[in-house]
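Okay, got some structures for you below.
Paired with chain B in one complex and with chain C in the other, chain A is shared by the two complexes that follow.
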Partner chain A sequence: MAINTTPLSESSKNNPDKQNNFVIALAGNPNVGKSTVFNRLTGLKQHTGNWPGKTVIKAEGTFSHRNRHYTLVDLPGTYSLHASSSDEEVARDFICFSRPDITLVVCDATCLERNLNLVLQILEITDRVLVCVNLLDEAERKGIQVDIAMLARQLGIPAVGTAARSGRGLESLKNVLDDMLAGKIASRPRQLVYDPELEASINEIEKRLAPYLPAWINSRWVALRVLERDFSILEHISNHKNNDYPRQVLKEEVALCLR
Partner chain B sequence: MSAINNPELSVLREIEPLLPANTANIKDRIVSGIYQQAESISAQVVRSENSQYTGLEARLDNILTSRWLGFPIMLLLLTLILWITITGANYPSQLLATGLFWLEEQLTALFLAVNAPVWLSGLLIQGMYRSLAWVVSVMLPPMAIFFPLFTLLEDLGYLPRVAFNMDKLFRRAGAHGKQCLTMCMGFGCNAAGVTSCRIIDSPRERLIAILTNTFSICNGRFPTLIALATIFMGALVSQAYSSILATLAVVAIIMTGIATTLLVSSLLSRTLLRGMSSFFVLELPPFRRPQLGQILIRSLLDRTLFVLWRAVVIAAPAGALTWILANSFIGETSVFALIAGWLNPLGQLMGMDGIILIAFLLGLPANEIVLPILIMGYISAGSMLELDSLNALRILLLDHGWTWITALCVMLFSLLHFPCGTTLYTIFKETRSARWTLLSALLPLLLGIVVTLIINQGSQIIMR
Partner chain C sequence: MPHTLSLADIPIGVSVRIAKILTSGSNRRRLLDLGLLPGARIDIIRRSPSGNPTAYLIKGTIIALRNEDAAQILVDID
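Moving on to the complex of A and B:
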C-alpha cells in the first residue's frame, strides 16, 4: 500500500496559508458513534477524502473553533492496529506516517475495556491523543458510570465524555482540542509494559534500531513490530524517506537481509 | 541483485538472529499485555450498578468456555441433539414411508387403469415418484427435529461460545479463528459456509476456510449418515443401546470431519498457503431467552423446507435419469449395470461397490439424493421389494452384501468426497479460480479414497 509521503502537519505548517490548519484523525472501534461525532463536528462541510493511496478512508470534513481551522479525517473503525486487515493497516499507517496533529479516539462508554485496547495501542505510536468517551447517555441508562477524570489520569492524556447523538460534551471536546494545540495541556501518556522477558527483547531491538530510525517515529513501537516479525513497517519507513524508491526493490532487499 | 542502501533494512541482518522463533507466542503475549492493562484501567474507571453482564452470565460463560469443560459440554450437547433426532425420527419416518408408498400403489393402479405405457409409469412412478418419496420420508423427520434444536442453540447464543473454544485450535493450525464460524455454517449448507468465508479478511486464511468447508457434514449428508448409522451401527448391540450407538457413530463422523478440517488447514498453511494466522476480536453476545415460536417458524421454513425443496427439485430429475440408465440396455445389460460393473473393482477396494460409487457420482448435484439413487440402483438390479421402512432398507442393503464395514466406508466417503455441485459453483465464484475449485474437489476425494482403502483393507486383514 502506498504511503502518504508528506507528513500533513509539516506540509501545512510550511504553507503560510494553512498556518492555522490542523489535521485531526478520528479513530475508534466499529459502532461507537464515530460517524455521529464526525457529522456533529463537521456538519455539512465534508467530502470524500483523497489521501494518496487511501481509498478506504471514508470521509474528511472541516470545522473551525476559536480561530483554528480543523480537517477531520474519519479512519475505518477497527478493534486493534495489528494490521491484520486492510482497515487496520490504513488506520495504523495514517496515524503513524501522516502524523495528524491530534488523534481523537472515540470509545464506547458501555464497554470501555475493549475500547481501551485500541487507545493503548495508539498511545504506543503517538502521544498526541485525545480520548472521547461517547455514548455516555446509553451507559447511564444501563447503570454504568465512567470516571472521565480518573481515565485521563490513568492514561496520562486528556479525556472528554460525550453523548454525540444529543450533542452533549462536544463543545468541551473542541475546547480541549484547542487547549492541546495551544500547549495548555501536557500529556504524559502511560506506556504499556509487557512481561520482563518481552521487555528485555524490546529494549535490545530498540537500542539497535534507534540509530536508523527518523526522530519522529516511536522506536519502541517499531521494535515491537519487528519483534512480531512485521518487517513491512521498516519498508514503510524506508519508503517514506525515499519516496520514489521502487517498492519491488525494497521487497527484494528485505528478502536479501533475511537470507 | 541491487546493493542494499537502506540502513533500516540492513540492520535487520543484525537483529534477525535476536528474534524469538515462536512469533505466535510473542503476538499472544503482546496482546495479553495490552488486554491486562486495559482491564486494570477499566476496573478503576468504570462503575457498574446493574451491568448487563451479570454474575450468573459471567459464571455460565466461565463454564461453557472453560479449558476443561468447554469441549466435553460441546460434545455432550451435540450428542444429545443427534440422539433426540435419531430416536425421535424413527416413528414419523415409518409413518410417512407407509403413507407415501400406499400412494404409490394407488398411482400404479391408476396408470394401469388408463392403460399407460409401461415405460411411462416406470419413469414417472418407479423413477421420479419413488425417489421423491424416499427423500421426503427419510429426510423430513430428522430435519424437522434437528433444525429447530440447532436453531435453539443458535438463538441462546451458544455458537459464539463454540467459536471461542475452537479459536485456539484453528490458530494452531495456522488458520483464522473465524474459520470456526464458517465451519459451523457449513454444518447447515456448505455453499452457505463457503460464502460466509467472506468474513475472513486475509486472502490466505479465507482460501483455507473455503477449501476445508466441505469437511463439515451438511444437511444433505446428515440424513444419509443418520439412516446408515441407525441401520448398521445400531444393530451391532442390543435394542436398548442401539440408538445410543447410532448417535455416537454420527458424532464420531462429525468429529472426524472437524479433525480433518484442522489437519488439512494445518497442512495447507504449511505447504500451499504458507503464513501466519491473524488476530480478531470475538464478541460474546449476551445470552438471550429464545423465542420458541420464532425458532419453529424459522427452522421449519428457512431450513427444513428449503433443504427439502432443493432435494425434491433435484431428486426428481436425478431419479428419472437413474431409471433411464437402469432401463436402457446395451445388449443384455443395462447402462447402469455397465457403469456399475466398471466402477465395481475400485468400489470393492474401498469397501463399497460400483453402485455406491455411481450414487455418489450422480449425487453431484446434491448430496441429498445419494441414498435414493443407491436404493434405485439396487432395486433395478434385481430384487424388487416394497421399501416401507428402515427395516426394509436394511434387508435390501444386506441382500447386496453390506456389512457394518460397508456402512462405515460409505459414511466416511460421504464425509470425504467432492463437494456438491452448488458448493463447487460457489467456490468458483468466491475464488474466481478454476484451479482452486478443482483442488477443493480433488483434495477431499483423494482423502476419501485413501481413508476407505485403509479402513477396508485393514479390516480384512484383522478379520482374516
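Moving on to the complex of A and C:
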C-alpha cells in the first residue's frame, strides 16, 4: 500500500507527463465502501474495516483506463468538511488546496439522504465532482431503488451506480471519469442559495476578500467559511506554499466585513 | 403538545421527531452534519451500561450521542 503524506499536487506538478496524469480524490461518509471502491479501481489490497477514523492518513493508488493514468487518493470518511476534526481537515484541505482533477464522492445507496450533505458541501468548493452511489446491492436487498439519472439531474453533475464488492458499475464509473476529463460531460452543479440577508453578507465578504485570494480558490466558499467564523481557512491560504498572501490584510478585511 | 421533552429523556424503543436544536455555533453545525435536522425522525436504540452515551438511529445510520448533547435536542413523540 502506498502511503504518501506529501502534498500530491507537488509530485504531479513535477511530472513531465502531466497531460495524461490525473488525480482523483475519493471522498465520502464513513462506511460507504470507499476503500472497497479504492481497492477495486487500483487493485490494491488496502485494509477495509469498520471503525471510525480508519483511513486517517490518505492512501494513494494508481490505475489506467483508456490511455489515461490516474492517481486515486483515498480521503478519510467524513460527514462534513467543516474541519471540526482532523479527518475533516485532511479531506477539506486536499479537495481545496491539492485541487484534484475530479473529486469522486462515494455515497451509500441505503441511506442516500444523509450522504448528500457532504456532496453539496463539496460542490461549494469545486464543480469537478462525480457522485458514485455505492452499495446498490444492499439497497436492493432492502427494497430501495435509486433513480441515478434523476439524482444526476437534480445535482447537475454526473452520477454512477455501483456495487463495488462485486465490481458492478465500476467500468462505467471509469468511463464517466474519462468522459468528464475529455470534456464530453458538462457539469452544472446545483448551487445552494441562502436567505437574501445571508447572500448579501456572502457577496460583501467575497468582494472584499477576492483581491487577496489566489485565483484558483472558490471565493464564495471562503466567504461562507468566514461567515461561519472559521478563520482557519485564511491561515491555510496564507500558509499555502505558493501563495504567500499577507495574513494581516486578510484578517483586517475580515474584521471589516464582520463589523 | 409543547416541546418539553429532550432527546436525553426518551426511553429505548421509542421514536421521536426533532422539534428544535438549542445549541448554536459549531456544536449545532456538527449535529446538523450528522443528520439531526428539525423534523427528522430518531429511534432510540440502546444505552450504554453507564447510561451515557446513547445510540440513536438517524436517517439510516446509528449515531452515538452524549447525554449532554442529546439534552440540547427538543423532540416530539412520533
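Just so we're on the same page, the second predicted complex is superposed on the first by the 211 of 259 C-alpha atoms of A that agree within 3 Å, B and C clash if a C-alpha of one lies under 4 Å from a C-alpha of the other, contacts with A are read in each partner's own complex, and residues count from 1 in each chain.
The working rule: contacts are C-beta pairs under 8 Å (C-beta built on N, C-alpha and C of every residue); 3 or more make two chains touch, one makes a residue touch a chain.
Just so it is clear, the structure is predicted and the values come from calculations on it, not from any experiment.
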Quiz item: Is the arrangement of chain B and chain C around the shared chain A a clash or a fit after superposition?
Solution: clash
Exercise. Look at A:224 in the shared chain and tell me whether it touches chain B only, chain C only, both, or neither; answer first, second, both or neither.
Key: first
Quiz item: On chain A, which partner touches more residues: chain B or chain C?
Solution: B
Exercise. Quick one: classify A:145 as touching chain B (first), chain C (second), both or neither.
Key: first
Practice problem: Check whether A:234 is in contact with chain B, with chain C, with both or with neither, and answer first, second, both or neither. | Solution: first
Quiz item: Does chain B (first) or chain C (second) touch A:116, or do both, or does neither?
Solution: first
Quiz prompt | Which of chain B and chain C A:204 touches, first, second, both or neither | solution = first
Quiz item: Between chain B (first) and chain C (second), which, if any, makes contact with A:155: first, second, both or neither?
Solution: first
Practice problem: Could you look at A:215 and tell me whether it touches chain B, chain C, both or neither (first, second, both, neither)? | Solution: neither
Quiz item: Can you tell which stretch of chain B collides with chain C among 61-69, 223-231, 331-339 or 367-375?
Solution: 61-69
Quiz item: Residue overlap on chain A between the chain B contact set and the chain C contact set?
Solution: 79-80, 82, 84, 113-114, 117, 228
Exercise. Flag every residue of chain A that touches chain B in the complex, lowest number first.
Key: 79-80, 82, 84-87, 112-114, 116-117, 119-121, 142-147, 150-151, 154-155, 190, 192-195, 198, 201, 204-205, 208-209, 212-213, 224, 226-229, 231, 234-235, 237-238, 242, 245, 249-250, 252-254, 256-258
Exercise. Spell out the residues on chain A that touch chain C in their complex, using ranges where they run on.
Key: 31, 79-80, 82, 84, 108, 110-111, 113-114, 117, 228
Quiz prompt | In the complex with chain A, residue positions of chain B that touch it | solution = 1-2, 4, 6-16, 18-20, 23, 26-27, 29-31, 33-35, 37-39, 41-42, 44-52, 201-202, 278-281
Exercise. Spell out the part of chain C that touches chain A in their complex, as residue ranges.
Key: 26, 29-30, 32-35, 58-61
